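Naming follows writing order (A, B, C, D, E, F, G and H), and every chain is counted from residue 1.
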Amino acid sequence: MRDKILIAGNDAIAEAGIRAGCRSYFGYPITPQNELLEYMSAHMPKAGGVFVQAESEIGAINMCYGASAAGARTMTSSSGPGMSLKLEGISYLAGSDLPCVIVNVARGGPGLGNIAPGQGDYFQATKGGGHGDYRMIVLAPATIPEATELTMLAFDLADKYRTPVLVLVDGVLGQMMEPVEFRDPVDPATLPPKPWALTGAQGRPPNIVTSFFLDPQELSELNLKRQDRYRRIVTQEVRYEEFETGDATIVIAAYGTVARIARTTVKLARNEGIKLGLLRPITLWPFPYAPLRALSNRVKVILTVEMSAGQMLEDVRLAVAERAETPFYGEMGGIVPTPRGILMEVKKYASYDAEDDQGF
Amino acid sequence: MPVMTQKMTKVFERPRSLADIEFTYCPGCHHGLITRIIAQVIDELGIQERTVVVGPVGCSVFVYQWFRCDGIQSAHGRACAVATGIKRVNPDLIVFTYQGDGDLAAIGTAESIHAANRGENITVIFINNQIYGMTGGQMAPTTLIGQWATSCPDGRDAGLAGYPIRFSEMVAQLDAPVYVTRQSLYDQKRIMATSRAIKKAFQYQVECKGYSLVEILANCPTSWHMTPTQANKHIADVVTSVFPLGDLVDRG
Amino acid sequence: MEKSVILAGFGGQGVILAGKVLAQAGMDHGLEVTWFPSYGPEMRGGTANCTVVLSDEPVASPLADDPTALIAMNPPSLDKFESTVARGGTIVLNSSLIERPVMRADVKVVPIPMNEMAAKVGSDLVINMVALGAYIKATGITPLATVKTAMAQMLEKDGKGKFVPMNEQALEEGYNAV
Amino acid sequence: MPKGMILIDKERCKGCGLCIDACPQHVLSYSGEYNQKGYNVTWMEDPDRCTGCAFCTLTCPDVTIEVYREISPGRGGNNA
Amino acid sequence: MRDKILIAGNDAIAEAGIRAGCRSYFGYPITPQNELLEYMSAHMPKAGGVFVQAESEIGAINMCYGASAAGARTMTSSSGPGMSLKLEGISYLAGSDLPCVIVNVARGGPGLGNIAPGQGDYFQATKGGGHGDYRMIVLAPATIPEATELTMLAFDLADKYRTPVLVLVDGVLGQMMEPVEFRDPVDPATLPPKPWALTGAQGRPPNIVTSFFLDPQELSELNLKRQDRYRRIVTQEVRYEEFETGDATIVIAAYGTVARIARTTVKLARNEGIKLGLLRPITLWPFPYAPLRALSNRVKVILTVEMSAGQMLEDVRLAVAERAETPFYGEMGGIVPTPRGILMEVKKYASYDAEDDQGF
Amino acid sequence: MPVMTQKMTKVFERPRSLADIEFTYCPGCHHGLITRIIAQVIDELGIQERTVVVGPVGCSVFVYQWFRCDGIQSAHGRACAVATGIKRVNPDLIVFTYQGDGDLAAIGTAESIHAANRGENITVIFINNQIYGMTGGQMAPTTLIGQWATSCPDGRDAGLAGYPIRFSEMVAQLDAPVYVTRQSLYDQKRIMATSRAIKKAFQYQVECKGYSLVEILANCPTSWHMTPTQANKHIADVVTSVFPLGDLVDRG
Amino acid sequence: MEKSVILAGFGGQGVILAGKVLAQAGMDHGLEVTWFPSYGPEMRGGTANCTVVLSDEPVASPLADDPTALIAMNPPSLDKFESTVARGGTIVLNSSLIERPVMRADVKVVPIPMNEMAAKVGSDLVINMVALGAYIKATGITPLATVKTAMAQMLEKDGKGKFVPMNEQALEEGYNAV
Amino acid sequence: MPKGMILIDKERCKGCGLCIDACPQHVLSYSGEYNQKGYNVTWMEDPDRCTGCAFCTLTCPDVTIEVYREISPGRGGNNA
């Protein structure tokens, strides 16, 4: 079981779901996520689980809503247009305090866009694309081994906080193969019970799952409780990685595929004597404001790099609060930045940095 | 009121599966009556402790409160998808959806049709009152030609808004459904027939036979601007001529 | 040391599988590897490609803007990727189909009559292994034996074990042709 | 001596009148009495004619009516 | 025509749409927006326009997509759950550079929530709830007369920038009546032509409306062009109102219904000697960062008040960059803050303010 | 190749309404053939300058490029809603949608059914190849029982995934459609019949008669893992037995 | 000066219309006004209410947490809103249906037997105008004539012009009862 | 002397073989020649038998075939 195997991201995430004790998957095809659904169609039945190819992403997310309400670990996946269609359902999951793991293998947008990798769904993921006040935990792996770890974690967090959790990757991570050692599978029978689940009102009063509260006072109280829960998540679940930030004068902020590429940029830059570091948010929500804030007190430039027009950038700027420069380098439409391309961008600020250093 | 003599025995009381809460429906609204019938069927089949009611958005949005069963509220139109999720992960549960015509036959068309086509082993109770009751009486896909509604103030015009959709007839075209029927409640006989139809639909589910759909021609005195008495007559005289009563499929 | 190779050809030429075999072999050989395919409806166009990166440290990008090698199995593949190959890189090309010369002077060119050699082995279907054999010889990236094992393992997993010998022979033919 | 009798939960009655229509014996009518919600509730105008047939309750959308019937040895249970 | 009439917000917005030359409306009922749709069903045919009650919000937004592509001014409206369902379509509109006016009469969320007024859809509106990199102009009136003005403006901006424009009100503004004097109607025939529209390829090469660009380079270029357009909007279209900010030491940031209530708070506060001001963003995107930034250099506290858990708050903090305190007061679930309720909140910071003043 | 003699005349050339661009389809794919037929009908009816093609997501996502007509790409499944929007604001245009079975009969179920039920004066060309071609061969709602697909690797199991949906039969239950037909392309006779059906559907639109739907049983050699020749035989022998050919409604 | 009044009663008692008439009259009288209804499925419960605010400067909130007046047309309305009325405010109540006394000592109470008075005018349907007449007299907020005009205008717009005289009479009855 | 003749746009032909099946005269077959895209394109193996019936082109999904026919005074136009 602990063998290293070469596996594609989509397959690995699906396998990680099954190993996390998930026994129900509901999905709809969309590139570049298809293999995840296909893996589930082959392996879920073998694991004694449920696979349903829904009539649409709306069908799928609402099947998840039902399965989750019935107490099952459940999962769905999609990309761009399909993610948008799931948002009403996600808002319902959040509003009914239901756990669910959702995977977005992101592509180029807006509209139909294309099927190449993208990070233009950051806002949608982190600022509650759906209606109303809710948040989702958003996990953003940068490698396939990490994607398997975070997918398994996603199920635990979802159950713990009774909230939907999004695993956000892009077409690169979904499609590429990389060696992975899987963790041992979890036996669903050993998972903590869910006393709130719909299992039949036998020997207990009926359980109700709803997000509907006509009375403003009642809805307000539930929302406030949920916000408390969110605050707990913010305190306890921030995850990030710093790389070579110790003596850095410039730091790149990047997540997912871009972060793994930027790691190489850091090495290239250091070979050239540029003190470059990398801060990689692993949880996009809750966002690692504190470490970025700390960095912003001692570095001159925090360069955000995204495959988007600049979305995480807003969170970086919220953390930095103008204590450091916060330039942006972005690619869109499915163009994946290269280590050297990022380095060129870094150098624009490195000169500035060198200049400044002379002053001291 | 007369005093009860010792010789009398109670022949009708509130079904056990019906929670002791007042309905939020308007006077004379068939939603309440249908709820009572379902509760009674649940009692009769002894399935209260394993039944899950999947509610819609519509006047019956609180349906999960009326039963002493587990219940869930679903997004407008998506009850059949929600029911699919529940039933698939726990086939021992008896799962039924309760949906209005806007919910099931407009926004929920895809979910309703495909749950039927997959032959999910669930029961769908479809309340066709030819109107969007909850939102204040707008046109539904089932609204009759010429019928007034707040979003067709000159009456439904087939040229602009098409025809009343016969959803059950469409579902009856599919291979999977085991029972598809259209019932009504405008008199005692129809009420009894509806009770039997609902019981059969649940019975089939208990026996794992598959998908069933019970469409019920219901009233909405409020949006129709009729008294409940007039509304019953309207159903008998007019509505049933557009939506014929009877079984469309019975493969039980 | 990071080596990247783009394998490109017609849909039926097996570049996707060849890339997977290479990645598996690299992994078995103790390298860090990634494999990345062209995907989606591009494939309807009748062409396919994938990129394999092999390195002794974690791989940054599984894509290669300037691959250290190109395996071009048909003319459009050479046209599309020739210019991207890194200086000093290697182009293994299928001289059975590609008639034009490589324009670049700063790369090593390894022309292999892949179709003919595959035909000799017994099937058009193994030209991908001919190409792969030539590539590993030309670049020395992994030993032939490792590639053979990886190939055998993959075919067997797909229930195509009976084709292993033929593919082995094709790998050898390609290897020996360089 | 009536064969049947009903009890209407006045506060739950919404005065819809459907039970009045349903009663084959014309036992019921509006009472003219308004409950807390402002509805004109029904009552047994002519209780003696009640047969306990339960038509009224089977029609009532608000499940406000309990029905009692004389025990007749020949017929068990109910049709409700 | 210039008579003052007493009219409900939903009706007034519908009427303003027709007066703006809009002759096609596609919608689906949802409270508290129903009257807008009903008004259209009665008045659009009279104006020679198209009214279709769609099968769903998804149907409606995609009908708008078609109508807009065909060159028509077009409009839809919804609330909460329905808005979420429209997001794929909105992303398509943005990705195909199509004008469209969308009205969100916002309610309590998440999930089904309730039908009481809310402002919990700010993120969805301003941070692109749908997938991919796009923005929408978001107009947030505070009174019904302003709602009619901004609705008419919305059509002009939508056409000018070829972008969807959202008019964001809440249940209060949708349901309440207030006196309005309408502007004269625009004759649709006098509107500028749309040479890109689908009108039949007669005497010209075919026009194509699409957001699909398989080639990353091509999609990237289009996205960059769109971002340029967005920058132009940011430069030219920021709208806001300041009230009593001249000498203020505390400023409330609030929009829509809350802003009109906060106006009274300002008066109450000033009666008590508290130098309170109000900054009211009228465009939520583009957001008035600059004036807030300017204020943040001279006031101590900028108190954001929303009917949400704190969404606009992030934009306020981006503008303020920690130069001033940025506390938050929010109500959720349909609870509408009162002038005095806000004042109580203000006073928490007013004491601080008074104290500080002594120091100078 | 023989040299043309003077006595010969061109009897078939590329339809004028067909743009001079190569299709992106796989070898032998019926999508190309259907496109050609439509272009020819557009030529014959002389409506090229007022036709708008509404494309889907699917292998035919580029359909707007193939015609020398205005065109629009629509969100997956929503083509009928998009067509409604266009046609309603400009009834002089001839508007048709071109949709796959995933697009029209799965995700687009609600939009497809309700455009039909409203009787929109549009033409719907429905390419039923029993598979999701574009995304790599997943099961469609029309996939046959036992048929292999990448998301039903053991073949479609009716117990788990239901039955191949006969969408045209459902649409035929509605009152508004004027023409609903199912055609195929597996031999010369069927190709000609399909051409006539498409022409009739457009003709009815030109005459403002209302909604028409032409379902075409098409192939997907790639996802079926068949040669185009085998695929044609499969359609003739197997597919038509599940999806019977012929007119279902003709109220023209 | 800002005055706010909540009009509350059963669904059929016409409080929504009475509120509109008051708002229109206020507007005609040169005041700033807002009108805000209870809306949505609350109304299924059988009760309805609306809030009218009249002021000489722009109205802040169209809702009133502490209205300066309450018109309570049935018992539940008094139960629900009694405690919200501002000190020194006014409660006009329908003594035909409300039997219990008002608990508050700090408000002015105006009991009117609205049903009886409406019946006297000729129809239960005009109790809303009885209530409104009483309210404007009790608070002096707008002249009776303005309210009459506003009422007539509204009924005529709805094609119910023939009911104007009866409603006028009801307004007068209410007005004179205070 | 053949009655008909066709011209195949070789670079557009995808070698699907449907025209081969469609030709009632068995005129067509694979040429063994590969085009730039790698497809084995069809050709008129037996051109003399071509009647110009156009079945091939009416079947071709890639619209690669032009058809010519002898002018026969009795029959105008085409059935395409």
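Methods note: a residue touches a chain if its C-beta (ideal position, glycine included) is under 8 Å from a C-beta of that chain, and two chains touch if they have at least 3 such contacts.
For clarity, every value in this text was computed on a predicted model and none was experimentally measured.
With contact taken as defined at the outset, chain D and chain E are each touched by B, G.
Chain centre most remote from that of chain E: H (centre = mean of CA atoms).
Separation between the centroids of chain D and chain F, computed from CA atoms only, is 60 Å.
Computed from the mean C-alpha positions, the centre of chain B lies at a distance of 39 Å from the centre of chain E. One finds 38 Å separating the Cα centroids of chain D and chain G. Centroids built from CA atoms put chain G at 34 Å from chain E. Residues of chain G in contact with two or more other chains: 41. Counting partner chains per residue, chain H shows two or more touched chains at residues 14, 39.
Counting only residues that touch two or more partner chains, chain A has 31, 52, 55-56, 58, 81, 88, 92, 96, 111-112, 115, 210-212, 214. Chain B makes touch with chain F in their complex at residues 106-110, 113-114, 117-119, 141, 158-163, 165-166, 169-170, 173-176.
Residues of chain A that touch chain C in their complex: 4, 6, 8, 31-32, 115, 143, 171-172, 175-179, 257, 260-261, 263-264, 336, 338-339.
Of all residues in chain F, only 1-2, 4-5, 7-15, 18, 22-23, 25-33, 36, 40, 187-188, 191-192, 221, 227-229, 232 touch chain H in the complex they form. In the complex of the two chains, the chain C residues touching chain A come out as 20, 23-24, 27, 32-37, 39-41, 58-63, 65. For chain D in complex with chain G, the residues that touch the partner chain are 14, 34, 36-39.
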